[in-house]
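As written, the chain order gives the labels A, B, C and D, with residue 1 at the start of each chain.
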């Protein structure tokens, strides 16, 4: 089609590409989710509905972008791992991160009603995204471990914090400021004990989705597919996305579980 | 809070910032909208509902991000201009483009039902985004001119193309391939004439939203605001976002219109 | 020529380009020059020979790279300004900065003997380089002003510092530590006065090359060129590189001097 | 020291860093060496003096920058490999490539007279540099193999080309254009045979420095160092830089040779 004399402005674009043969991790983060979760009355310390909604949104992203081989979610963040030989969008950083942020947002909004039982969306949520490259399997595993350790640390803190604040038997009620003081510089052991002795909560019995976060991964399975012409079925390989809540810091899942096929 | 030994992976992040004192243009583009518009029966050559929906989404982005001083939309794309001294997200490219893509998507999905009268959303749309810096006002105006010229060129072509293809009086009906052949290498004048003589369409009388695209800009207006305490009103300045469909290639709007306050 | 199967590694290159239509400033800096100047007995506070040598090296760079329209040098650093529409090496950052660093180094080493009268070079000097883009004339002028102000501030300090340290009449001699203490937090006025009252030095009478640094710029002049064929002369325009030591913070040179043709 | 109001321009700098935990390869290339080698009468197809000079310059670079663990040179180019955990200049790309280019140039110019026996330097040579990251040992080895394969391919071609052109027995003399025609699309085998039958040259007997290029690597060796105080000697480890000309495409040197300590 005809070109205009203004076309030269196109050449101001500077495309950044992500280094080849590295694991690309795209992490999306809720934008202003402190306020968003407050305005929409998310349960404290964890809103199971919101976690399932985020998982469904992440599943939507994975079903759209086949190069994502693994995803990990906790709180209002989700990390997506692209296989190291991915050539998605020619590894152009801007296209990759904006598409992941957009897809996640779209699925989050579309599925809101299905998961948030009756809570009206007061205003649309949004997510930012960034990409980081990891050159080795060890670096990638350490990244994932970093996020899962972060999930644990935050969740233990938040569980104890909200147990104190929401404790209706306390006179006077524990303020958030007071709860912060109580927990300042405490070890994991102390928080565990406090939960157990004072609130009769055995931390390790809490749902794994809270303590471990959510892992999404694929398997390829044989499925019977109806052929168009004559109605007969043939076997096809199909990629399935699974959601789990288990340890990904230790070697087990990466060596003997489905993780093995990711790092190979 | 406690740090894990995995924390080092954080230092693999490489933050790209956008050059200071330049106009930042973030352009979002519909991802796979050829298929998306077909699956959702968008009217051809233009679907007025979808254009209004996109404008509403863009308005949502501008109301959220105050540094955006101008936006231009056509078809499934929208360009957002941040003021040249913006320090939004410290001008970090990844945060800026992912947030704009996410916000636009969120508002597009949330407002779908309000604009697309009854058309069910079969699957969520998504948008990618890129950022480009323009050092001078002239470069910025040329960028905007480039998009508006593109809008005109595409719209004239599409209007003629679909007039041919949807022409029920033609025997045999004009195929899309045949329509492409007819229009190949034709000038604007030829297309205008063909529209007029054969279809009695005066191109210049078509709605401006189709021919000029959509311009979003702000004005600051005094509004009476009720004070909380005693119910009395005070005057406050408020930023309003307007939508228009007019020429932004010529100087008029930039010199004598609201555009003047943008480039100052 | 034949290609090897290893050729794929080429695609790991990531070319960064410098934004179009901006002033590119390449600043080179002496690497470890504190030690280098000590080992080669540079005079304190300024070694006029070393300054002339650096100017000659910068002139060599400008004669090689025609897109450099201005250069400013002080101490062991030099800034080169490429015209804003330069397409040198397609504005690839790596090529530009490495070539400027290499050319400057080459000319510095080659001309050493000519300027450093008899001082043997104990080991080769080296310089690093960086590129910065400036979108407006004002930003560029402010950059140049920044460096010239820096030259003045450093030179006034160093002149006073070395006057104290090299003062053979002081008993006991002023140590460098003591000199630092004396000058800590002093204003320009105080240093000027100290120089005048104690050492009878009128700072403003010191050579301009010390106080203002060195400015390199081009003029185009008509020169008579002998034609190869018949020995007759024709007039040709030729680019000449000049070295001056004058104020470039004020408007004078930029408006009425040779600087006017740079910013036009 | 006092700061000027112009200081803000500093914040326009955009520092690009090279991804952590990857091999950084800095390749320098002669700038305009076709002309430079012609003007300085470099022998064809290879000038042994110029190769030794380049090797000496590379050695100078390695002695200055301890993080360089390997270098490979051929013709007018040299590749330097930094260890993957290097934090040299905080991995800032601009500092790394400009410093390597500058150091190489300095040592090349300084050592010119020692190697180029009496050939006067007509004008200073210069070199550009680029950096590329390689995430795995395999990628790094393939990079090195790529350069050594390139050396072989070019050398075989050039040897045959110059044998034809410099052949004084040919009537009429073979022009460079004619030589290009003769060699167009020929295989290695054909060139080898032509060399042997026509010029009695056994390609495989040519010096390895021409056929394999130059490899520079370090070993750490115990050396007796005189202590300052009492003149007694102690054993210290010292890094030595070696130059060799051998195969680095095969595994031998990397597995059983000094290369093993690089990749570990």
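Criterion: a residue touches a chain if its C-beta (ideal position, glycine included) is under 8 Å from a C-beta of that chain, and two chains touch if they have at least 3 such contacts.
Because the structure is a prediction, the values reported are computed rather than measured.
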Checklist line | Given chain B and chain D, the chains that contact each of them | finding: A, C
Margin query: With centres defined by CA atoms only, which chain is the most remote from chain D?
Written below: B
Note to self: For the interfaces A-B and A-C, which has the higher count of C-beta pairs in contact?
What the structure shows: A-B
Notebook entry, point to check: Could you state the distance in Å from the CA-based centre of chain A to that of chain D?
Noted result: 47
Notebook entry, point to check: Where the centres are mean C-alpha positions, what is the separation of chain A from chain B, in Å?
Noted result: 30
Checklist line | Cα-centroid distance, chain A relative to chain C, in whole angstrom | finding: 52
Notebook entry, point to check: Using the touch rule from the top of the page, what residues of chain D touch 2 or more other chains?
Noted result: 12, 14, 16, 19-21, 133, 139
Next item on the list: Using the touch rule from the top, collect the residues of chain B that touch chain D in their complex.
Entry: 11-12, 14, 16-17, 19-21
Note to self: Can you tell me which positions in chain C touch chain D when the two form their complex?
What the structure shows: 1-2, 4, 6-10, 12-14, 16, 28, 31, 60, 64, 89, 93-95, 97-110, 121, 124-134, 139, 142-143, 145-146, 149-150, 153-154, 157, 188
Margin query: Could you list, by residue number, the parts of chain A that touch chain D in their complex?
Written below: 19-22, 133, 135-136, 139
